[in-house]
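The structures come next, written out as structure tokens.
Next, two complexes with chain A in common: one pairs it with chain B, the other with chain C.
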Partner chain A sequence: MSSTTVKITSLTITEQAVNIVKNSLTKMTNALLLPVIGISIFIFLWSITAQSIHTSLGDFPGPNAVVKQFSSLYLEHKTERKKATEFYQRQEKRNAAKLAKNPDYDAKIRAYTGKETFLDQIVTSLITVTCGFVAAVIIAIPLGIWMGLNKRVNLAVNPIVQVFKPVSPLAWLPLVTMVVSAIYVSDDPMVSKSFLTSMLTVTLCSLWPMVINTSMGVSAINSDLINVSKVLRLGTLTHIKKIVLPASVPMIFTGMRLSFGVAWMVLIAAEMLAQNPGLGKFVWDEFQNGSSDSLARIMAAVVVIGFIGFLLDRAMLQIQRKVSWDKSSVNA
Partner chain B sequence: MNWKKSINTRLKQLALSSAVLLSFTNLSHSETLGEPEKEELKFGFIKLTDMAPIAIAYENGYFEDEGLYVTIEAQANWKVLLNGVIDGTLDGAHMLAGQPIAATMGYGTKADIITPFSMDLNGNAITVSNKTWQQMKPNIPKMADGRPVHPIKADSLKPVIEQLKSDGKAFKMGMVFPVSTHNYELRYWLAAGGIHPGYYAPHKGDTSGQIDAQALLSVTPPPQMPSTMEAGTIHGYCVGEPWNQQAVFKNIGVPVVTDYEIWKDNPEKVFGMTAAFAKKYPNTTIRLTRALIRAAKWLDDNNNANRPAAVKILSQSNYVGADYDVIANSMTGTFEYEKGDKRDVPDFNVFFRHNATYPYYSDAIWYLTQMRRWGQISTDKSDQWYKDLASKVYRPDIYVKAAQSLIADNLISANMFPDFAKETGFKAPQKHFIDNIVYDGKQPNAYLEKFNIGLKQGDKL
Partner chain C sequence: MNNTKITETGNSAQSVFLNISQVDMVFPTPTGGFTALKEVDLQIDKGEFISLIGHSGCGKSTVLNIVAGLYQATKGGILLNNKEVNEPGPERAVVFQNHSLLPWLTCYQNVELAVKQVFNKTMSKGEMKEWIEYNLKLVHMDHAMDKRPDEISGGMKQRIGIARALAMQPEVLLMDEPFGALDALTRAHMQDSLMEIQSELNNTVIMITHDVDEAVLLSDRIVMMTNGPEATIGEILDVKLARPRSRLSLAKDLEYNRLRSEVLTFLYEKQRKVENISSKAVKPPAVVKKRANETN
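Up next is the complex of A and B:
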């Protein structure tokens, strides 16, 4: 009897092991193989269709052309860096000579005046979008919480939010540009006007989804939790810190992720239209150049823009996982 | 007559010593040319090959030699560029010759813009779409080898426009800016062929420039010309390089005439800055002019020997950014008209020869006459008015200071420049226009009387 039981258990163990292996295999295929298959099919279709689209700037760039452009963009970056080093060396020499001639000369080291490379543009865009987004968070979250807690405020502010929410960034852009150049006047500005314009446009557009989601999240808190807070007689700030924020984090983050996506898209458009430094300007410049490499370079930028957008979203998700107490509420 | 002889020798000695003295003053002049007051500068440009002097002055280190740290930035269109210079985001820019003149006059945005440096001669062309070309071609006289006789006149275009009109359609062409060289060249060419390009009437608020027009002209930014024509919005355009050669490369149009053929050695772009800038930073202004003169000379040195290197620089994405071959086609002394019909035009782009960089008053006055001809200046003006306005905008005084200090520094020899002692700023009457009308900058009003189409003295719309 006992031996059969053992047999059965051992069988179940091996079966279980097989099952586990099977499961993890299917998981692996699901996680790795399927995306790889999807991407390969996409690349295949892309290269096929690319060949059959003829534009006045040559064929539509296929995957090969784009990969080639990535390496040439990197090469350009390296050459430009070398030029920059030489520029600084020349400048130091010149400054020394001037100082020798005139000891009162105010020798400054000036930033490199050459062109911004593709990598520089990526960094510029990332900084701009982060600053714009952080500014939006600083305004939107407190406003959203206030609206969520107070019905009257909500009623007063909601119409404004609803009207501004669907406005395209491109409509804001001329206004922002004019206002910035009128108000932000300084001989030695800390940040450039173009940076401020792009940043404010991003802020204006990523504000609204965050305000709405935060206020909805806050107003939808379980009444039990609110009652607990009432029983304990928590002060307003403690109430917000201990009850409101933890309970509404999932909604707030949904709003933030939505906003960040909007912010990234808005930024590229704003840079393109206002010729502000960044990836958008890169795309527009290449379009204007109309060289035989232009389309491939734009396609390379498109891939990079998409990839960065994806990474930003993942990063937000990680932060959300970190800060939510209810891990089940986090959905990819 | 010994005393006479001795006086003669004395006089000769005097002349000699004064010459020495003069060169001395030149030397001391260069020594007094102080350090630049403003070292960090930002210049704007439009993606056209004639921005080359700015790019070369940067790449060859001429700006740095003057102690200037210059950032060069492409601008979206001429309006944005002009506003940038006016509001101070740009310290100077590659400008259409008409822009400083119009701004100073108050046509469009009013601002005191000056130019110490003329950037180039020629460099533009008129391109028509393939379809228009097919219709024009039968009307053009042919040479023995079957290629069209040049210059192609607008007479051959006239039947095409009439045909379109009888079909109830309008003939449309693009140019780059209301006060651009291209607008006036296109108008000149059309009018010389009996096609009315339309009047402006700013005093009535009509700045479309289409009153009485047989050909409707409108503004399109240079880099967008080829795609706008490809889309069928316009039938042709007048623009600088590389956008005509690009039409040939893309197989979407045919350049029919260059501005060299419309008016031989016509002044084209200038380097513009505000009068306030030049006043506040005199050394900086002279120094940047020095750098630009050196760059222009480099571009023309040894019979265009440096052009291939220049084309390579211009084809970088931060400058013009078009393909090497496209830019090289016009900058290295040839010009491709109809595909395969490549002809030698050694002076298609002139940066330094023929005193190209000297800001002549007569050049400014020619633009003013055309503004009057097409109604942008709505009332009669005296010859003196033309002269006064020209001397307010064109500043040979700054140019001469820069040139003399270059001579003193032995960077460029004096014979490469006009004789500054005698130069009046007026070129001798110019004959080489497509309609053979002679232009004398000293008599703008008399010049206007010579045209069949265009406003004359006493005309007001």
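Up next is the complex of A and C:
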């Protein structure tokens, strides 16, 4: 009798174990296997179609060619860095020799002026997009809050926002370029004109989603919370700090994520035309270069641009998770 | 028929604590003004517990919002200690129907926001902390001080809302259907808590309610309002039941049941809302009939 009960419990235990394994397996499939299958199918289709597209620069690059370009881009970066260090070492040697001969010699180190590598260009792009985006945040969030708090301001500003929102960066760029070269004149410029042009174009285009979302978030604050603030007689600044900002943080962040996506897309176009030494310039230069590797290198850049855009969005999501009190508003 | 009584009390308005004096409220609408309230006139003594009862849409909340200063009366006005009220302020604390706690602050911080604002100059940091904790203890919520509103139940949220209002040490406590969104058991529990707090602090309270039992159990006077538009005070009922009151022993009390039936008579006979609620008006769709026939 007791042996049968033991059997039954052991059976249920094994059943439970099987269930647990099953559950974790389905979870694994969902999290890993399905994306891997999707990517494999995509790569397969890509390599097949690539082979059948013939361009004046050779066949359209398949996955193999792109992977090869990744490693060669990295190698170029390494050799370029090696050249730079060697250049500085040579200078130091020469300076030391001259100082030994003449102690009054004024030793100078000249900067290395080699061409930027792909990795340098990624860094430049990231710096440019961040600066442009931060400038947009500084303008958009106070403006959005003002619009959300004051219906009249909203009615006055909203048409302008609606008209400028759909404007392509390519339309802004010539104007920004001319304005920057007219106004930003200095013998010893802190940043290059191409950087400023790209950055301002990014700002102009990423402003609007943030303005709209912030003003919507602020104007949609529960009227009960506003009444609480009124009963407590909170001053305007305390009201904004204690009620308005926290209440609209979820919407503000939604706007910021949208804007950052727009900023990254706009940046590539802006860099292409402004010749800011970032990923956009890389793509343009390769296109103009027209070697048999060019298309594969551009395709490599496309993959990198997409991947960085994805990572930036994830980063914003993580910040939003940390800052927002309303966890349900944070969706992937 | 009540006019004579109102003018009588109106004459002695000089010395009353809270005077709601001949208030009219007209809301602008696209088709002209909508008169929600007409000549609402009520005098309240210090320490009195007043219930406002009436059908929904009769302007109870409007009265409360005018006293709170959130609305401005079109005609007439509010005098608190012979001073006119024309903006909101912490001396007329409001407990809102849906608690309206700030969801990003803990319970403690929610009360703290109010205390910091009101006692900024008169209390030290340590005194504030003590005062906040005292008020949370008063509503039996000191165990959940560091929880956020979405981590506690509806009744608990309402307690915090009451603690926040009490912590402002208001001269008048305004409650807009404070227990309307709670289930019956929690509501009974909250009513007992409120009576307990009231016996300790002896606040002046105006409470809106839909619940006849709640009104009779808690109030010193029940103010019954007529239906809108142009709603006004229909009758005022004095509740002279001895305190402390217990809902169990009152259930068999003759006076309690008389008061209860008077309120019910007012609401469902004198001010009956004419709404078509007969089941004949709504016919079930043909499918339902067919199914019923098939099963038969």
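General observations
Heads up, the rule we're going with is that the second predicted complex is superposed on the first by the 290 of 332 C-alpha atoms of A that agree within 3 Å, B and C clash if a C-alpha of one lies under 4 Å from a C-alpha of the other, contacts with A are read in each partner's own complex, and residues count from 1 in each chain.
Everything below uses one rule, namely that a contact is a pair of C-beta atoms (placed from the backbone, for glycine too) under 8 Å apart; a residue touches a chain by one contact, two chains touch by 3 or more.
Everything numeric here is computed off the predicted structure, so don't read it as measured data.
When chain A is checked against chain B and against chain C, the one touching more of its residues turns out to be B.
In the superposed pair of complexes, A:325 makes contact with chain C only, with no contact to chain B. Of the two partner chains, chain C is the only one that A:228 touches; chain B does not reach it.
Of the two partner chains, chain B is the only one touched by A:275; chain C is not. Of the two partner chains, chain C is the only one that A:246 touches; chain B does not reach it. After overlaying the two complexes on the shared chain, residue contacts for A:291 are found with chain B alone; chain C is out of touch. Look at A:110: by the touch rule set out above, it reaches chain B but stays clear of chain C. Within the superposed three-chain model, A:314 lies out of touch with both chain B and chain C [touch as defined at top]. No residue of chain A is contacted both by chain B in one complex and by chain C in the other.
Contact residues of chain C toward chain A in the complex are 68-70, 87-90, 92-94, 96, 98, 100, 102-104, 113-114, 117-118, 148, 168. Across the complex, chain B is touched by residues 56-57, 90-91, 94, 98, 102, 105, 110, 113, 115, 181, 193, 275, 285-286, 288-292, 294, 297 of chain A. Listed in rising order, the residues of chain B touching chain A in the complex are 35, 39-40, 47, 58, 61, 64, 67, 69-72, 74-76, 80, 87, 89, 223-224, 226-227, 230, 246, 250-252, 315-318, 320-323, 326. On the side of chain A, the complex with chain C involves touching residues 222, 224-225, 227-228, 230-234, 238, 242-243, 246-247, 249, 325-326.
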